[in-house]
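The data blocks that follow each hold one structure.
Presented sequentially are two complexes of chain A, the first with chain B as partner and the second with chain C.
What follows is the complex of A and B.
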């Protein structure tokens, strides 16, 4: 495997030295391109109090292509499907090499505060979010308690 | 005298062969780079029957003063100096712009990434460097690298050397193209150099010729052009393309991709923020955009890219910058550009594996014959030509092609791979209803957006037509 680009080393160092509040990202011991991520559910959102595990992988041509990010913890959210895949423009066509791991994770945290049922990935969740928002929020809280609060 | 001269030649340690162009004559002389202009005049004058004081030596838009030394003039082997006869025998006045060579007057800061740096002194720049270094804990920079060399660097694509080289700025008459031309003022920025008719001057080529012809219409303008500084000049037509977005990194700006500060040249995107990438990252950026087919076919500039930060109006206008790609990728760039051009002109590409020839046919003609491989296919479904509606994919169609392929293209072992790829593409993909690009759906909803940068058509995976609110209501997720 090729040497780790300086950019990845720099980003990792900064993530360690100046962590983003509410977010931890730690590189795997055996693969410096694979990060174990924990995002805390934002205040005043149905995810408040939850700790959400994600995995983040920097592909070979990072930063020319976007990091691959996926929720491991089950989450009830219209833009995250049951496999944990995230519908977020900056992870797809709006990716720019000027964005970083920290900006991506901050965007994901912001997505938890502001679900967007008009651009969904999980159909039933999105539909309920549009038709009956209070029930959807109740579900989201329930899932947070059930899957994101143990350990 | 002749003997004396020739014996003197042997004493010259570094011989520089240059050409002297006078009105009607070209002389070839060998000189020492340490000669000054006065010595050149002394050598040339007797050969053309004039007194040294009657001569003017012009190089790169400047009349050179007698005390200028050749080696300070950025003059390469087999360069051309223009020698003209002075019009009136008045004692020369030294005016402040005319007597120093162009390369001594211009400095890098005029052309550096941040436009306001022209007003900054060198100390301000040094402070900036220190500031960046303090923030960059792991930067290991020797004091030598901090010394900012104030020498103008132009970068060019040289068609002779086939690569990125340092360039030399030259000047000629915009009207008659003669190099015997002196500018009235020095260029101050890239606009003056790249755009036509920015700086006026005097054409010394033919007495009054250019001025007379242009009289009452416009003044005589200078035309700037570039030569490669790394090979011996092949004459006046040996030019290079200025890659003006590649500039010295005077302000020590961080590369937006690798976050390093390059001490060599960097690529400066033509956006308001002057975003900077080091050349290695720029090449990678081009290659990954090329692989994803995300270059944009711009009606004016061609197949190009914009600033990766999505800044407005930031397309790269001079597509020779993509010459930074290696040969293989540059060929690919060319091929993709041509394909995109054909598609945007309403043409299509032959679907036969290994062919892909661009075809421009009448839009109402459904039966298309490829002139390259003679494959006959249906314009609508890109399958073998058929009568009636386009049907589902037939497997025997594949078999037919394998025989025709063998006979017409004499394919051998590679054929099996091609057929296998083709089968996979047929099974895994659906064509974009607008541009027919085979598209794979690897998850998510049924709302497809064509991945081809020039298309971006919104379509429905189920209906294979344009995406509508009905699709959203009925089968958004299948």
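What follows is the complex of A and C.
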């Protein structure tokens, strides 16, 4: 593997030294471009109390290209599909090299606080979120309790 | 010449040279007490290229210039502590050397030379996250953001390439007629830069000399905790099974009128059937092999 770009090293060090509340990101043993991530469900959201595992991969031309991120823990959310893929503009056309791992994870945490059913990736979840929000929130809480808890 | 006359002569000369850039404060007896001047690096009057400055305050004791004046450096901008300390030492040397002679103009020149040498923004380049060192080529954008030329060039080349790739995908009538507009990585304001000029710059120095990555004990512990959580959630069926979900996805796409492939009580989301490769750009399908490798060897 080619040497790890200094920017990635610097971001990793900063993530360790000044962690973002509610978020931890740790590089993998065998590939420092692959991060194991935990995002805690934000307070006052249906995901509160959940610990959501994500994986984040920095592609070869990072930071010129966005990191690839997906949820590993099941989550009931209109902008996250069954494969854990996330519908978030900064991961696509709104990516900028001035964004960082921490800003990406903060945006994902914010997406948990503010689901956006008008920009769905998981159609049936988004549909329910629109027509029957209270049931959708109940489902989201149920999934959080069932799948995203620590022992 | 009396003492006061010598000081008076020095101050008149200073006022003649520096004009509004100097202010002199007199005491009740009409003797000059304090001389103040804010000093900038010499940048051939290009104010937008002045990234640092400092205010020099010279207090004149009664028997100046036969003793050293008292020096204070105030409101340093863009200078770190070690640069300021270094300046104080240089100033003291100069004052020592000039006992008995007019020294203020010498001090101003000394400081200006030093500022010109350290005339670099102290912020970081948002692209590489490293600072600006002497000799680094960098650009200040119209929106007041600083980037190494090397880093900005990379950004401009990649975004322009992406722009053209996206345009290619569109039908002719949908393509933009305006052409590519470069934007600032930090604030997305439009910027105009000459990529060919920028790309010839060398990589930033700090970037070249930065330390290597090490897996610390702390990191190992964090990794272990992550692993524990993963195992626990897996035992509860909380981990997304990519292969199973992908098979479901195939089923859904193949028989769009048969939603009954749910094999659990999950009210869960399914992949919309009309999803396009483009809209999955952020998804990890392209990297799936790599991810499966990671998720499988746990």
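Operating definition for what follows: the second predicted complex is superposed on the first by the 149 of 151 C-alpha atoms of A that agree within 3 Å, B and C clash if a C-alpha of one lies under 4 Å from a C-alpha of the other, contacts with A are read in each partner's own complex, and residues count from 1 in each chain.
The rule is simple: a residue touches a chain if its C-beta (ideal position, glycine included) is under 8 Å from a C-beta of that chain, and two chains touch if they have at least 3 such contacts.
Everything numeric here is computed off the predicted structure, so don't read it as measured data.
Annotation: superposed three-chain arrangement on chain A; chain B versus chain C shows a clash. Of the two partner chains placed by the overlay, chain B and chain C both lie in contact with A:98. Contacts of A:61 after superposition: both chain B and chain C are touched.
Of the two partner chains, chain C is the only one that A:27 touches; chain B does not reach it. In the superposition on chain A, contact is made by A:12 with chain C only, not with chain B. In the overlay built on the shared chain, the residue A:85 is in contact with chain B and with chain C.
Taking chain A as the reference chain, the count of touched residues is higher for C when chain B and chain C are set side by side. Touch criterion not met for A:110: it reaches neither chain B nor chain C. Once chain A of one complex is fitted onto chain A of the other, the partner contacts of A:131 are absent, as it touches neither chain B nor chain C. Overlap of the chain B and chain C interfaces on chain A: residues 6-7, 10-11, 61, 63-65, 81, 83, 85, 87, 93, 96-98, 120-121, 123. Chain C contributes residues 126-130, 151, 154-155, 158, 166, 185-186, 188, 207, 210-213, 215-216, 218-219, 222-223, 226, 229-230, 232-233, 236-240, 242, 245-246, 248-249, 267-272, 275, 279-287, 290-291, 294-295 to its touches with chain A in the complex. Against chain A, in their complex, chain B makes its touches with residues 138, 256-260, 275, 277, 281, 284-285, 287-289, 308-310, 443-445, 449, 476-477. The residues of chain A lying in touch with chain C in their complex are 4, 6-12, 16, 24, 26-29, 31-32, 34, 36, 38, 51, 53, 55, 57, 59, 61, 63-66, 68-74, 76-78, 80-88, 91-93, 96-98, 100, 120-125, 128, 139, 143, 146-151.
By the touch rule above, chain A contacts chain B in their complex via residues 5-7, 10-11, 13, 61, 63-65, 81, 83, 85, 87, 93-94, 96-98, 120-121, 123.
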